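Chain IDs A, B, C and D follow the sequence of writing; residue 1 opens each chain.
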Amino acid sequence: MSHTSEATTTHWVLTLTCPDQPGIVAAVAGLLAEHGGNITESQQFGDPQSGLFVMRVQVTSSASAAELGAALDALSPRFDLQWSLDVVGRPVRTLVMVSTAAHCLNDLAFRQRSENLPVDLVAVVSNHEVLAPLAQFYDIPFHHVPVSAATKADAEARLLALVEELDVELVVLARYMQILSDDLCRALEGRVINIHHSFLPSFKGARPYAQAYERGVKLIGATAHYVTGDLDEGPIIEQDVERVDHAQSVEDLVALGQDVERRALARAVRWHAEHRVLLDGHRTIVFR
Amino acid sequence: MSHTSEATTTHWVLTLTCPDQPGIVAAVAGLLAEHGGNITESQQFGDPQSGLFVMRVQVTSSASAAELGAALDALSPRFDLQWSLDVVGRPVRTLVMVSTAAHCLNDLAFRQRSENLPVDLVAVVSNHEVLAPLAQFYDIPFHHVPVSAATKADAEARLLALVEELDVELVVLARYMQILSDDLCRALEGRVINIHHSFLPSFKGARPYAQAYERGVKLIGATAHYVTGDLDEGPIIEQDVERVDHAQSVEDLVALGQDVERRALARAVRWHAEHRVLLDGHRTIVFR
Amino acid sequence: MSHTSEATTTHWVLTLTCPDQPGIVAAVAGLLAEHGGNITESQQFGDPQSGLFVMRVQVTSSASAAELGAALDALSPRFDLQWSLDVVGRPVRTLVMVSTAAHCLNDLAFRQRSENLPVDLVAVVSNHEVLAPLAQFYDIPFHHVPVSAATKADAEARLLALVEELDVELVVLARYMQILSDDLCRALEGRVINIHHSFLPSFKGARPYAQAYERGVKLIGATAHYVTGDLDEGPIIEQDVERVDHAQSVEDLVALGQDVERRALARAVRWHAEHRVLLDGHRTIVFR
Amino acid sequence: MSHTSEATTTHWVLTLTCPDQPGIVAAVAGLLAEHGGNITESQQFGDPQSGLFVMRVQVTSSASAAELGAALDALSPRFDLQWSLDVVGRPVRTLVMVSTAAHCLNDLAFRQRSENLPVDLVAVVSNHEVLAPLAQFYDIPFHHVPVSAATKADAEARLLALVEELDVELVVLARYMQILSDDLCRALEGRVINIHHSFLPSFKGARPYAQAYERGVKLIGATAHYVTGDLDEGPIIEQDVERVDHAQSVEDLVALGQDVERRALARAVRWHAEHRVLLDGHRTIVFR
């Protein structure tokens, strides 16, 4: 769509949720039209079970964020709207937590640099030092925050302080091998994406690939999800699988698993950063 | 979504296209709201290249088709709308053309019976008789229309007569091995779906699987598309592939290809019958 | 491979397992060469964990089954061989058990007829009557064996009797919704393939698709496996998945799940019937 | 497989091709058994069309390369064998050619470092300088070899000189945007892998993604293949696809295409380096 306008036209992305009722789309579309908005992409979904209505709109308009926000605030009471407005493509300030496995960090950093993954990687935090050179290559400040039973509380406090200082909007657990405390999970709820090294629901416990090998599975998978109090049980954003066979050792499964992990994680981070993921109770609506 | 209503509430599916301009969604959503419509699913897309705007809405309303149609007609001039209204799930009257290969017909008939594929299979037309028992098993009237160079014009006339008589809305070429004349293609344009036994663009000519074998490809595919004057070049609706390897003979490729063909065709027919496929010049918009 | 021979040349498939040790392949290949055998396809695998060696060979030879068998018997003590010899493509006598869902039976019967799936469907056994016409269409004798708590033992006895009478080599549980007794499982061990309507390990319990919906998974899957005493825990032969999203209802998941189920089951049955699946403890070796 | 042996046991990979005839496997397996060989993995294939027999064996043995080689040389005349022997996992000396796109180089270098991709990246050669820092990060010597019409012959001479000096076994064209001369292709035949930014056979010409967009395809793909005189027509090693839809711009297709490209290329390089790819005329046999 190209209709001429002053240089100040902005490409906005608006997401909103509310209890489903007639007239929502008309009201929102009317509001946008009154502000000279031209809708370029839009998706709606009404969950017949939960009764939640969810909408994502990309719209060009010369109205300011303040103007649009005021209009949305005025509309909210009528529909009990929760809304969020951002500029399409604005990089989301992201902190990546890692331990020693490089594949997810390497993939995210590469995609940020080369594929316009709309994130700004403002920090890498690790309980090890081995990935410092990788962070440095991508010009991402690296913070070594060792964790032991004794220092765990301090380490989490330091992480929270970094989140504050750096205005972090999204924390990505990119194969970070420490369990976050319930308090931390709650403090950051909705802002933390984890990549689970298995296809959920799946083998429980510490060595999923070894269990998958023992069981002789023919597919291995990975799950990207939001973190809630229950670490591996948060709302699923994306899952993917890779075919394996009997000839592959546990080590082979781990290597193949890394491919699936980074792929599923990169998609989840992209969709989150593009405001395509909305929560509907324990499920996600993903407007791909 | 459940809001109470008289028993006469209908679940409508509305599709429309028009040149993109501000205010379309607001106007349409407003129109639906005025008729007590509650939007349950909606997707819009504005093609930045062609300038076409495309919308598909599922909406419950107690308004009649006549009421909604009158309102849409009144709105049309302002936006130059092309619209279409149907009842969600209404079976599309479909005629299937086959030669001797059963896999696509068998799949469509089975899905119609068991999976609520929203089509009504009103006729099978074939230039051979071998698939008559299959049609009979599924209670579909079978018409044997032999084709030779001499009788081709008559055969096509008979097909067109059947399309008329039976109020056929969709013709599916389910591995029908005759080339339709340009006249017939034009007469039925937009209402004929073909399954091309190859991944387009691809090997040209009569024996694509043999060519694929010679070339040593590692994937084979199939393409479901609308038929235009140029038989294999119409707008693509769906494509799929299957992995193959060196050990597979041409016959194996054909068998695997049949799996891909019926899968791609079934999806294309379903999406068409659910009014999810809209034309944007030579491309399709598929609101899956 | 084409070397001339008398009309009596047969295409054999030989499978064997034994504890791994040097010289096995040489001994077996030597034995086959001594009988004029020409190997057309061969795969071996030595499991580094279990120490089991597994081999599958397709070989053309004018030797008889008796001659080859005698030679293999003579070789067996040296390597502690377990071997099996069959003719490539010989249809495996197969009994299919169903309840009311048609998709797996329909798929197997269609592939048997049209794709040279090397099985001979000698009986359909069902605790319902609804699939009798489908069996009849494919000319498969249909046996209605109702099952209640009171008649379960009798029903299983009748099944075992049919297996005997009909020389059944393979029993396929094609969405048969009854749990087999441990005794029956043991009596038929290694000869029963089940399709599990879920991606194992997975949601436990009766309504996996409802659970998958609640959990908001992005992929659903199915697992074809041998039946052991523990019904859903036998060695996995094949798994497959299909992508789903938030807009799909539980009913949609069931319909998509049927596609995955029949695909995974058809592959498992084909590989079993082609003697491509060998047991290695609780895992399968599949020489695809 | 673990049978005790002196520390000098080596894990060998032997590949061989010859005209198909009875007795080959027996002779080779016998030869290996005579040298105390224990076969851990083995695959054979006889192409029924070309009459070529192809075999790949992994075998542990305390025999030296010289001993095994002498025995194979002695056996060769009887079967007209072409054989090759290497140590399992030995890194193949590899030179990567790039222009400005980083995704393939980044992926190969990362997999070499983290996933035991068995290559030794001895040089990056580029007609641009933009990827020098990436090469440096991975400690790979970077050679800037500009190419113009006037300097093309010199540039190719310099490449050949590097191949000589560095004992290069494999050249990977990792989105190198220059066309190699026929002479160079011939000089390096069988040792050059290219990633074609399209699913072959496919859109011809310079802008495949733009053509794919115009055509409205639903899948995009990539093809990894050996380079022969005809640049994009050499034997195919691997192909892969990714699903796309109408909402994706040409730029989106390019980004998604990069994912497919690097995945297909990495697999092709791994299989080549593990001696799993054998030529059968214009087709490849890939023993995955």
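One rule holds in what follows: a contact is a pair of C-beta atoms (placed from the backbone, for glycine too) under 8 Å apart; a residue touches a chain by one contact, two chains touch by 3 or more.
What you are looking at is a predicted structure, and each value in this text was computed from that prediction instead of being measured.
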item	value
Cα superposition angle of chain B on its copy chain C, in degrees to the nearest 5	180
Farthest chain relative to chain A (centres taken as mean CA coordinates)	C
Inter-centroid spacing, chain D versus chain C (mean Cα positions, whole Å)	36
Rounded Å distance between chain B and chain D, as computed from the means of their C-alpha atoms	42
Two or more partner chains touched - positions in chain A	41, 45, 48, 247
Chain D residues within the chain B interface of the complex	45, 47-48, 199-203, 214-219, 221, 235-241, 245-247, 249, 280, 282-286, 288
Residues of chain A defined as touching chain B within the complex	1-3, 20-30, 32-33, 36-46, 48, 51, 53
Chain A partner contacts - residues on chain D that touch it in the complex	41, 102-103, 106, 110, 113-116, 133, 137, 247, 255, 258-259, 263
